[in-house]
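Following this line, the structures themselves.
Look for subunit A in each of the two complexes below; its partner is subunit B in the first and subunit C in the second.
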Partner chain A sequence: MGVKISLKNHLKLLMEYVKISLASAMEYKTSFITQTITMVINDTVWIIFWIIFFNKFNQINGWTVQDMFMLYAVVTFSYGLAGVFFGNRNKIAEVIAEGKLDFYLSLPKNELFHVLISRSSWFSMGDVVFGLIMGIISFSWWQWPLFFVLSLMSMSIIISFGTLAGSLAFFMGNAEESSRNLYMGLISFSTYPLAVFHGAARIILLTIIPAGFVSGIPVELLKNFNLKWFLLSLICSLVFITISIIVFKLGLRRYESGNNMNVRV
Partner chain B sequence: MTLTKYIEISKISVYNSLAYLLDFFSGSLFIGLIIFVFIQLWNVVYGPSAGLIEGYTINMMVWYLVLTEAIVTSPGKILEEIGDEIKTGNIAQNLNKPYNYVGFKYASSMARTLLRFLITFGVGSLVAYVFLGGLEVKFLTLPIILVSVFLALTLHFLIMVLLGILVFWLEDASATYFIYQKIVFVLGGMLMPLEIFPTWLEKISAALPFSYIAYHPAKLFVNFQWSNVSEVLLKQLMWIMIMIVIVTIVYQICIRKISLNGG
Partner chain C sequence: MVAIISIKNLTKEFKTRRKEAGLKGSIKSIFSPSYKLTKAVDNVSFTIKKGEVIGFIGPNGAGKSTTIKMMSGILFPSKGKMDVFGYNPQKQRKDLSFHIGTVFGQKPQLWYHLPAIDTYNLFSKIYELDEKSYRSRLDYLVKLFEVEEIIFQPVRKLSLGQRMRCEIIASLLHGPKVLFLDEPTIGLDLIAKKKIRELLKRLNENEKVTIVLTSHDMDDVEQICNRLIIINEGKIVYDGSTKDIREKYLKYKVIKVTLERQVTSLGLNLLGVKTIENEKYTQTLEVDTSKQPVQKVISQILSKHKISDITVLDPPIEEIIERIFKKEL
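This part shows the complex of A and B:
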């Protein structure tokens, strides 16, 4: 694409999509509210599970129920942001398989960015709300700025991982199930205390399935800030963003268009 | 005569599902991953001494989860299917057919469910066996456990049908399913046996129907006691009867309220 990619233009596009999404949320208020509340209840049930668990066992490898509150603050808030602003993060395989990518290819915006932002999940709004509630319960005022920064880094990892998993569709055709499993795997691993994983499992969670950097490491940093691990987290998110952009570009070269001549209005 | 048509429906459903075997396997891989995570979690909780927690060894604890996960996840999206048919009005296509709608759904989905149960249980067992070890189960008790699992799947099906029909009033099928699933996860004792709960919550959960889907059959599986058998099976049957009555009533009310336009 010969068009110069300007950050300002893309942010403007994101804002436009957010506006459309808000307008439609207001149009279908009941649905929007139901889905938001459902997600809050869903997350609450998980926290109840952990309260019961730690009520019985007090701590596991140094992790307490307070640490789980922080973990849920980071996990739900960052997954929530990813879902609200980059709703297609886990739908890329579908978009590719159904030939819907054509629409984005014809426009003068970065294709990956445009695909990601063109959907917004209302369930995710519940995650954002729940993350903030958990944050209010867990954090002192000075932890909030760090919490927001770490959540943005987690969010980037989540979106990049979703993009990588979805890009499998470029190379294997029908990859919806595999890509869903990979994405769900990242979610699942990031909702358990990092301290229970040892050896190979821990190495995997700090590299190819970076769930440790999505939740476990941010919790450690919020408890005891450590510059080395902060920088490692930052590098991890930058590396994942870069790889996902490269892989998506490589995939695009292999993409064979469908003849899905739809016009979106 | 009447039963044969439902058996035929089941057969067709199994043939259809065979086409999606790979999809089933892929779905059960996720269950394998959860089993793996819980093995790590319980390993830390039990520590190197690996004693008993509330009467469960670590192997019992993990194999308990292998069975509950397989029961709870194998029916798939029945609730959403029925919810969608009711909301879109497609249910009308079934009303003038010579079968009972719920019976038809039961025959077609149970066949699929049992197939998926076998695969999920197989994958879960493999993960548990490789990363932890086996479980001692007396051969003689297996038929009873299988009956209990079958009743659990039937009860699970009926509750989802009921909620599916209620989508007529509740509006959002996936939201309803989400919350029901989480109730079974915790109060049904899917994630951990009810003995881990504080006593008051354990008593409430054990009395609710959800625990007859996960906790009670899984406990029979890992810690078989002859003294529990009749109570568990009878209570499962009792809840199934109660659900059949409620589903029949709610279904009739819903059908009367559906208004159809054209064909």
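This part shows the complex of A and C:
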């Protein structure tokens, strides 16, 4: 049998999953709507915090409250997209530890891609909406195409980082807590202006924990486009995608499955 | 007939960390971890022919599931060679998946909050089935499994037995030539178990689908499998026809009687009946069915005593394995 494992077919599958998980979410409409609204409120609270903050200090190392709006546009939009389309991005450790990979490994699709897309966190829709609102407040029309491209790159970094953190479970067994902390770390750092970090901290945020490339650098690029930093961002996201795929593949050889219906760890 | 699956010297080792008890042990294991290699599957070889129905049985942790998972490409073996339809499950997992179906009793694949039909539609996309053949295949399976109504109800509202029937359909949509089932009857009541067995039998007869199932329920295997592989501590202890096992090792039944009044002995004087446990109100007997029909034993107990409960059981799988080891009979 000729088996085609093409990108197009995988994207089609992504849309199928979006449909089926939306249908599943719709089984509980109230919960779905509440979650979305809660997310918008959560994001708004943070923005209010920054407005108060910048009212008092005007700017930190050249960053103003307008820059924070842009940062929130990029951060919430890209995290939101990752959540809606690749909802298992922060659940990989669980999937591995609970032996749930069996399901994906018995089907004719790329297992990592399939794991990532098979869940949609619909309250991430709140983040997407919030990101767009922030975008409308901050961007001129010519900034939008760049915003979308940069958000896609940020999204890839977020997903790859989540995959890497989750793959720890292949190598250390009980890694759910550490992987969650790493992922949360990336989120927290990317909601602060890059300008507050100096020296070693800055280097870390542009390499090991690439929060700088998720939000700070995209904001700088949206303010003043710079080809060198754009290419560095692109390279960063490609490197992270590649490493996460390789590490996951290596981990698979150590996968132990298990039959536990419920495990205590 | 030709072998469609051949497994040679298959071994799977798991590395487990050893730790002394308590917090002290935990701290010690951080600084000087010691590992223990456990062989979940130990140098196993066998071949499977087209159309066979094979039961893999053994106690918990014997290596049944691990073997099935290696054959379907889910786990990497530590050593050994596998050939499943000419594919190497580790290197050609995706190609292989078009030819095999897997059902894991403890790991549902159906979307919990949605009707089964939604999952089926998704599976048709995953396997890239063309719409027309998918529809006719689904119609056929839905009729065969008698689930016409229930595939439109949310899975969470189905009984366990109905759910398992729907699970099996999901694994059959792409028309696999082999169906691997891991504990398909786990947690089901007797009637639901019987139903699943009948369906699997019919599936094998109608479509010549090769079926490999694991179970720790001797009944399952006795009813539908023509070949039996008994596995214990990772090693094959028996590979042969179910008939032989039945004749040699399933000659025993265990009868458990709970009496209304306490007695020291049941006072039966029958050939081939042995008391194996004697408690205040409960007596456990072992009956050699080649020497004494179970019915006769029961009727004698009933005529002599007032009883509040009686159960007839097959000897547990562990005991059969023990007997095989001891080469009894």
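Everything that follows uses one rule, which is that the second predicted complex is superposed on the first by the 255 of 265 C-alpha atoms of A that agree within 3 Å, B and C clash if a C-alpha of one lies under 4 Å from a C-alpha of the other, contacts with A are read in each partner's own complex, and residues count from 1 in each chain.
Here is the rule we use: a contact is a pair of C-beta atoms (placed from the backbone, for glycine too) under 8 Å apart; a residue touches a chain by one contact, two chains touch by 3 or more.
The structure displayed is predicted, hence computed values, not measured ones.
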Partner chain(s) touched by A:Y192 [first = subunit B, second = subunit C, both, neither] | first
Touching partner for A:F49 - first (subunit B), second (subunit C), both, neither | first
When the two structures are overlaid on chain A, which partner does A:N61 contact: first (subunit B), second (subunit C), both, or neither?
-> first
Contact set on subunit B toward subunit A in their complex | 23, 26-27, 29-30, 33-34, 36-37, 40-41, 43-45, 171-172, 175, 178-179, 182-183, 185-186, 191-192, 196-198, 201
Contacts from subunit A onto subunit C in the complex sit at residues 1, 3-5, 9, 12-13, 16-17, 20, 23-24, 27-28, 99-103, 105-110, 173, 252-257, 259-261
Would you mind writing out the residues of subunit A in touch with subunit B in their complex?
-> 30-31, 34-35, 38-39, 41-42, 45-46, 48-49, 52-53, 55-57, 60-61, 177-178, 181, 184-185, 188-189, 192-193, 195-198, 201
Within the complex, subunit A is touched by subunit C residues 14, 17, 65-66, 69, 72-76, 93-95, 97-100, 102, 104, 106-107, 109, 111, 113-114, 118-119, 122, 125-128, 154, 182
